[in-house]
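Take a look at these structures.
Both complexes shown next keep chain A, but they swap its partner, so chain B is in the first and chain C is in the second.
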Partner chain A sequence: MAEKLTNQIRRLRFDNNEMTQQALADKVGVTRQTIIAIEQGGYTPSLVLGMKIAWVFNKTVEEVFRLEC
Partner chain B sequence: MNRMQKTAWVGFFGSLTSSVLYATAFMLLLLSPAYRRVLCLILCPFLAVLFAALVWSCRKQSPAEPDCDERDSQISRRAVIISFAGLCFLIYISDAIVILWTGVGGSIPTSVLPVIHLGVGLLTATLYYAAMIVFYGKGKKANG
Partner chain C sequence: MNRIQKMSWLIVITQGIAVLSAAIAVTVFYYKIGFPRAWAGSAFLAISGFGGLAPVLFRKDPGPVQFDERDVAINSAAVKNGFTASYLLFGSLCMGIWMIKGIRGTIDVNVLPMIWMLAGITCIFVHALSILILYGRDKTSEGETK
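Showing the complex of A and B:
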């Protein structure tokens, strides 16, 4: 069965004063293209990067990312 | 585009153009050494354009942008694996051509072998950058 990692990054960005992808990328130390790829499900981030993103939004990793089977 | 993407594009066109120029130079010098000045005239603008492209590729999207993040590293690793496979294939093909051309007991001038290796190297570099561009292209368009 194929598992898919979905995320709420786009919604969370807009809930946080419409944070731009570049601003989020700068906060977690990656390029904007990586944030775009993660948002669109084209790239699965490392655990460290996932936790950094969750911390930026003051959420847990499970609140940002969800594994769908 | 981030720095790695820009570097991949510059590297791709640089190595591809170098391969073409290299092949052209080799053929022209085989025909006549008098073409050396013409080759210099072609090479100088090419180097100037390549330098300008390298300067452009060093520009960052923002001051906080890292030189290379985890996705860039992953893409680079995959491109290295593909280009290594390509390198093995190109060495095999070039050696096979030399053996078929000269025969089993034949020989080639010592100056030809470095020329072949340089050509294989340029094509491997082209393959590496092309693989990087393809892997970056698998992500969708920016929208935010």
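Showing the complex of A and C:
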């Protein structure tokens, strides 16, 4: 069974005054490449990073990330 | 492309050129002057030393964060790949010689440092190559700004 972690980061960035990937990266303490990789589903972030991203958008982790089975 | 990728590219290119030119030189010398003097062609492996200039040539990336959790994960996987490849090569060469020469066979002592050096070069090469492959897998270098 293949599990896939999807996310709403791209939509949330646009909903938050079109926040750039670099701005989000600076806020959570990673590189822009990592934000791109997460948005594209190429990298699964750690729990800590996932929580930091959710906090930036004032959302819960479940509202940002979803595990699809 | 970040600094680590640029450094890896330099290492892959310089080591590729070094190994290729050394192999060609040893082959040419073998037909001209024969072994063991043909091993002098392996001096071309010194070209790979230019890979050591990578930290000087490539400056730090812009932005406050240089290395994050994804970079650590990729580097860890690359280190494992490099070690595995070099250990497999070292083991294969040692066992290969043993199998070819037999239990009571002998080899030139010059072969031993060559095997050791080959394992080291393989480790660094596979490490750098793994970094390029692992970063390139999700095509992040061509991502959008917004």
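Everything that follows uses one rule, which is that the second predicted complex is superposed on the first by the 69 of 69 C-alpha atoms of A that agree within 3 Å, B and C clash if a C-alpha of one lies under 4 Å from a C-alpha of the other, contacts with A are read in each partner's own complex, and residues count from 1 in each chain.
Please note the rule applied: contacts are C-beta pairs under 8 Å (C-beta built on N, C-alpha and C of every residue); 3 or more make two chains touch, one makes a residue touch a chain.
A quick note: this is a predicted structure, and the numbers were derived from the prediction, not measured.
Q: Overlaying on chain A: chain B and chain C, fit or clash?
A: On the superposed model, which is not a single observed complex, chain B and chain C clash.
Q: Scan A:46 for contacts with chain B and chain C and give back first, second, both or neither.
A: A:46: touches chain B and chain C.
Q: Once the structures are superposed on A, label A:21 by its partner contacts, choosing first (chain B), second (chain C), both or neither.
A: It touches chain B and chain C both.
Q: Same chain A residues contacting chain B and chain C, which ones?
A: 13, 20-22, 25-26, 29-34, 36-37, 39-40, 42-43, 45-46, 49
Q: Hey, which residues of chain A end up touching chain B in the complex?
A: Touch residues, chain A against chain B: 10, 13, 20-22, 25-26, 29-34, 36-37, 39-40, 42-43, 45-46, 49.
Q: Taking the touch rule as given, give the residues of chain B at its contact with chain A in the complex, in rising order.
A: 1-5, 61-62, 64-66, 69-72, 136, 138-140, 142-144
Q: Which residues of chain C touch chain A once you look at their complex with the stated criterion?
A: 2, 61, 63-66, 68-71, 135, 137-141, 143-146
Q: If we count contacts the way the header does, which residues on chain A are in touch with chain C in the complex?
A: 13-14, 18, 20-22, 25-26, 29-34, 36-37, 39-40, 42-43, 45-46, 49
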